[in-house]
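Next, two complexes with subunit A in common: one pairs it with subunit B, the other with subunit C.
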Partner chain A sequence: MAMDAIPSETASPGRDRTALLRGGTRPSPRLLERKTRLIDLKAEGQPNLWLLGGALSIAIVMILSLVLLVLWNGLATFWPKPIAVVTLTDGSLVAGEPSRTATFRVGQEVLATLPPETQAEIAANGGYANRTLYRTGNFDLYGDDFRWVADFQTRAKEFPRDMVLFERQEWGVFVGRLASFVRDGRTVTVTDPWADEVRQAHRIARDRFLQIRTIQRVEIGEVNHYLESERLRLRKAALRYPEGSRELEAARARFVEREAFYQRRFEELSARAQALMREHEAETVTLVEIGGRERVQPLGTIVRFYPANDVNFLQKLGIYGSRWLEFLTDEPREANTEGGILPALFGTVALTLLLVVFVTPFGVITAIYLREYAKQGKLVSAVRVSVNNLAGVPSIVYGVFGVGFFAYTVGGSIDALFYPEKLPSPTFGTGGLLWAALTLALLTVPVVIVASEEALAAVPRSMREGSLACGASKWQTIRYIVLPRALPGIMTGVILAMARGAGEVAPLMLVGVVKLAPELPIDGFFPFIHLERSFMHLGFHIFDVGFQSRNSEAGKPMVYTTTLLLIFLILVMNLTAITIRNRLKRKFAGSQF
Partner chain B sequence: MKKVLLAGIAAIALSSHAFAQAIQIDPLLPNYTPVSGISGSLKSVGSDTMNNLMTLWAEGFLAMYPNVRIEIEGKGSSTAPPALIAGTAQFGPMSREMNQRERDAFQQRFGYPPAVIRGAIDALAVYVHKDNPIRCLTLQQVDAIFSKTRRGGHPTDITTWGQLGLTGEWATRPISLYGRNSASGTYGYFKEVALFRGDYKDQVKEQPGSSTVVQGVASDRFAIGYSGIGYKTADVRAVPLASRPGETCYDATVENAVSGDYPLARFLYVYTNANPNQQMDPLRREFIRFIFSRQGQEATIKDGYFPITRAIAEDDMKAMGLSFAGN
Partner chain C sequence: MPDTMLASPAEEFPPTEYHVRVGGRGAAVEITHFNLWYGTKQALFDNTLSIQAGLVTALIGPSGCGKSTLLRSLNRMNDLIDGLRISGTIKVQGEDIYAPGADVIAIRKRMGMVFQKPNPFPMSIFENVAYPLRVDGVRDKAVLQETVERSLRGAALWDEVKDRLGDNALGLSGGQQQRLCIARAIAGSPEVLLMDEPCSALDPIATAKIEELIDELRGQFTIVIVTHNMQQAARVSDNTAFMYLGRLVEYGDTDTIFTKPKSPRTQDYITGRFG
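Entry: the complex of A and B
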């Protein structure tokens, strides 16, 4: 290739010179000098070097700035921000976390209502003014949770030490002051949010709240689960045996007995939960917003509270950590805009691992056949071309195929055969983790096939021949000589497939990802792993919070944080795979000829 | 209209809005009390406008019945009737009424019409950028902005802000249009009421979600778009609307929506399959009772919509053979 390039490079300057001579103008010595320098650079291939290097650096800058943007916004989301109290020119007060500022052109209508000196000030500024967006919270009182305040509306701005930010189980944050709380039937007035008594009361109330939730979710959940399976058992018996038969009567009797048993258990548990609930509702806390309006609610519904302008660095770090912990280990609240993302995180990891479990054997077996056994000819070439083309099919098409073939056809048949008692509500006949993993496996299998084929081809012929010469059969050669040495290359293919699969969203929306899946696909009931359940996914979560949530302003930080987590997750999975690959490489490095 | 304009300027000029009062729930709506033995799974397929509302209802319901499974899919109101007919979903939230064809298809399959739950009230808002000084629009103007057929009767096509009486830098600026995609019930409702069943202009940028419309308007100073009132942010403003030229403009508030003064107020519906000759299964019955309870209606406020009254709830429940006392 280099040989081809040189003559053409030298030819073009020659043509240039003749052209100059024909034109009749003599080039000045300086121009000539520059020309020659250029020729030299060109001859050395310098422009190409610059082009390639430039392209690389542009790519790196773009990737880095994207990662930095996500990192900056994602990491800053949970850091406690101060609360400003702004006194407006009309005397009213606004309290909130300053979230961003912008410059805007003041409209004529607004300008006309302003005092002359403000007008002059704005005019001196070219008709522009600044404004700040405050996150005022208190949606239940205001009907809004963000508010723009222009600088010319602001008379004073301060950061009082007693302003408290309350994160609540419902209704989003509350910005205001702590007034009092009820403990054992008596009202305790408290102003210092760090005071031991309120902290202790909060801890107790919060524990009680979590206890109620455990009773409701885990214990009552268990009773309901068994009750449901009894009901299904009866349904099954009714489907199998004719009306009036002995078996059906026995099943009915059993159901009545069991139902009564679980009913009693349910009533016990719910009485316990009710009792706790009464305590929970009796211990209230009174919050006062900046305008003096009060809000009374159970202390246990406050997730976290801190005086935003009176926290030192260590306390901030503690709040930051506890928010991250909640984010990673809790379920979403308030239609996914608050709380944690555990189900989505779990769904993404489970989906990716399942994808690997499906895609690796498929891809590797295909590659071995294509490379080792198939007679290289037109048919095999056609298969190869088809495989490569598969990689170019839009992913949504795979989604349509997944829902049509896997969920409706295969899943529907499974339901009819094995779960008739649950019909018409589908078990496997709708989108779920299993179908999503299979769809993604189809989507990524070309990557694995191509990479595995390359890896198999790279194993030296001498090794195969050596093995065959020692009397090993073809399969033994593949199994003990070729495959181990090709493993690192196959792993590369799997890593690529994983990265592609974990970031894919479009097909998942059709085959089982939902906005809210209250249960993880894994739990304490037989068969423990429920692959038929629909699940949540980080990628879809990002789309949902960013574009479907009520207040897109409030959702924005969550989008960045979730994106950060998704990138981090893919990084961790890739690093694990790379480590395994390197270990394999080292293992076989010594045994090469 | 001039007077209204001036009054509007005085009221809204300084602070973009006075702090809205908390919306009250009809005190006659009952508190929801859980009953025993509820389990199983529910699936809801339908409106994207009601996606969050359904999620909030589901969250509230799950807090009472932890072992119920609820799945929510929201790709547009038009996806609800097929899902109900095929039986893949028990509930079909829709931001518009089912049309005759969808109703007929349902009736043909089951022999009875679908049951309807009017779960919340929404004021479909026409949003502009927060700096936009426009004070009032009539439906005829809205029609002339969004529609190429102008069935509303406005004499001329409106393409610039100047034609709506704005001055200064706004006068010559073209109006940039944001709307919903055609699967959405919001698209259908807006077409029917604001466009007088006319056709949308080709320039309308069709967005995949209610929130995307608001984000589009928030980032484009000269934009106008329509979306549910629940999706309002601090970056956009809902324009007061009048139903006819010369009439008073009404804000998209709960009072105006309930009284019917605000021209784009609508119910948000949840359709379900209720066989009149059979008792409804306990799971669905309880979910409906939950929607019509104090807790369920609190969720509508939480999502930015307006709660319904006990009278509406009683009507709908009676039609399904249910009552507040439980059965």
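Entry: the complex of A and C
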């Protein structure tokens, strides 16, 4: 180590510092000594160091807390929780997953009904008492998913091993006991919810249910699609050819023939679906809630069930994994508060990628003109200021513009020109993925323009001169020398635009995001990519589930997991872009000398 | 710089006080009554000189005397500056490069240029040298390869880089980068090679190599070199032009300028009394 060779008596502090800067691995004894001494910031000429450092720390603490909150709640949501059975003072029973506790002020009228010793206890606490929120489920029986139980109402609390949590296709979860199920016309009483018999019956019933859904959605959907396109074909012919012409008659004949064919196919399929449906409805399961009321429903409508107080760690892990899998790969159910978010995930990724595809060329071309070709003067300065100000326009304004200009004006014209047979129902003349991406591109283009301009301006003059002196034209110089050099900076702009676009919700509500769109913008029907379709978006999903659903408490876990996923998605997309940028940067790194 | 020299330039400096006819194979570049303004500020005053083909001509003078401006006028690099105005003519092989409708790109292809700081492009060594051909639309691999090798040999760099032509040019040392720039400048087979203080950013050893190279290129190209270093001008050039405050003070063959200058200002400058 060269640094150790410097005798500490002769080394000045300045030399010590440079030794450190050069990459020394161990500070000299002198520097260590300096470190331990109290430093007078004022004497060092940095009286504001506390302010600057403090601001940074506060920012970091706030960001970290937010991330931790989302991370904890998002990850914990799907972990199976135990079911408590609470005996109330009036003798009735409440069963549910304890979800959180809070203190509350006991109302006067409630206080008056309580026994004197309880009243005294509450009074000692200054009028406050604790209460716990239980997720009781059974919305179809209770009319609510949650119930607050105050501590003073509780007489006993236990965790019986036979309490089962059922996740259902409809009506949310059911908390209760599994009494019996019907198999091949005979009723089987259940003692152990983990028994192979019931598991197997459930698996068969579930497969059957999914099969029915496939027939209804995919196969009948396909028939409907072709039938609809035949109908449009006829309509198109009717619009183009006069009444009584040979073409129109041919089209009619074709339609009649095809319609009959698809009608037969439809009847076949629905007969198959109905047969399965009868089996599905015959195999019922009897669920009993804690109060003794029964609920009978087809076994196939139970998505998942487990005795919440009788699961070991591995089983919990399995349930956790299967819930995440469902979350990531399935469609939403129960007004989006349960099930998966695949359409939203897909919509967000597709929208962001499309946004990048639109915003990058648009922004870069504008920046090239502004920086390289436009005569620098008052007009260009005004344009530049306007572009910067565009970044400050409220995003909802872009949404209004998007729906007015893109959807109604441009889309309406496209419909009139190319899809007259579908009118009055719009094709492009309403919100959709394409218009949403264009609106977001407009919203984020100032970021790209400003960043690209900076990047272009930072390309050394000597590079351009070198190229021009070789006899390259201005365009060749920009294309071969300036743009590659500016690419990392341009990428930075695109990354910023992407991050902003992926997190934007307000304008999307106007230009194509919907609450539920199980049809993905990509499917097996020509032309395979359907940019005119409305779509789902994670950001809007958070808003919808958290604030627009019938029960915001039920949607809360979903809000956290969706937020977690959205943040993770943006992180992944940004990391990808940053990796590409750094690779480019390394290519152009290396000193000039 | 003594103030008296600025007193009344027009009086003190009649156009080209001592203009010696220089020998050679005839004029490659003919500069006639050339004036240049940056906006309202005049930078060059009535310059007239003829640069001889196949020889090395050095432009010397104190900072800000206009020698770089004159050099950059020869391939119209000054066009990039807003508010530029000129009068007079510059003819390359008899063709007026400032004539209306002159093809700037064609002109620049005839004049290779090497800059003060080495400015290789952020691409491979091969692509750097091939660049002038690429912009011409040359796609033929064999032609490219042959030209790159010839140019790198011409710039005395071939032996050092022949095994790593695909490496990034920015990884070369400063002196190698400058020789790469010379290779790039001669790859387009120009008639004239313009060098704008090509050694000012280099160490003495790299400088010596570049000077050796200039000596080797003598005869193949007409070379115009701007330099601050008078020893360098004396070492490498055949003819020397001394400029001061935008005017050409004295032009003649290098030996005469450095041993028996006719103008007292030239005398003062080369003996180091000012500058």
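FYI, the second predicted complex is superposed on the first by the 542 of 593 C-alpha atoms of A that agree within 3 Å, B and C clash if a C-alpha of one lies under 4 Å from a C-alpha of the other, contacts with A are read in each partner's own complex, and residues count from 1 in each chain.
Convention: contacts are C-beta pairs under 8 Å (C-beta built on N, C-alpha and C of every residue); 3 or more make two chains touch, one makes a residue touch a chain.
Because the structure is a prediction, the values reported are computed rather than measured.
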| item | value |
| --- | --- |
| Subunit A as common anchor, with subunit B and subunit C clashing or fitting | fit |
| Touched partner set for A:216, first subunit B, second subunit C, both or neither | first |
| First, second, both or neither for A:528, with subunit B first and subunit C second | neither |
| Which superposed partner A:313 touches (first subunit B, second subunit C, both, neither) | neither |
| Which superposed partner A:104 touches (first subunit B, second subunit C, both, neither) | first |
| Which superposed partner A:460 touches (first subunit B, second subunit C, both, neither) | second |
| First (subunit B), second (subunit C), both or neither touched by A:88 | first |
| Dominant toucher of subunit A (residue count), subunit B or subunit C | B |
| Shortest CA-CA distance in Å separating subunit B from subunit C in the superposed model | 53 |
| In the complex, subunit A residues that touch subunit B | 88-90, 92, 104-105, 107-110, 113, 133, 139-144, 146-148, 153, 170-171, 216-218, 220-222, 224-225, 227-228, 259, 263, 266-267, 270, 291, 333-336, 424-426, 430, 514-519, 533-534, 547-553, 555 |
| Residues on subunit A engaged by subunit C in the complex (per definition of touch) | 375-376, 460, 462-473, 476, 480-481, 484-485, 587-593 |
| Interface residues, subunit B side, partner subunit A - complex | 9-10, 13-17, 19-23, 34, 36-41, 43, 48, 51-52, 55-56, 58-59, 62-74, 87-88, 130-131, 133, 167-169, 208-212, 214-215, 218, 230-235, 301-304 |
| Residue ranges of subunit C touching subunit A (in the complex, touch as defined) | 75, 77, 80, 82, 105-106, 108-109, 111-113, 115, 117-123, 131-132, 134-136, 168, 170-171, 174, 177, 181, 184-185, 188, 201 |
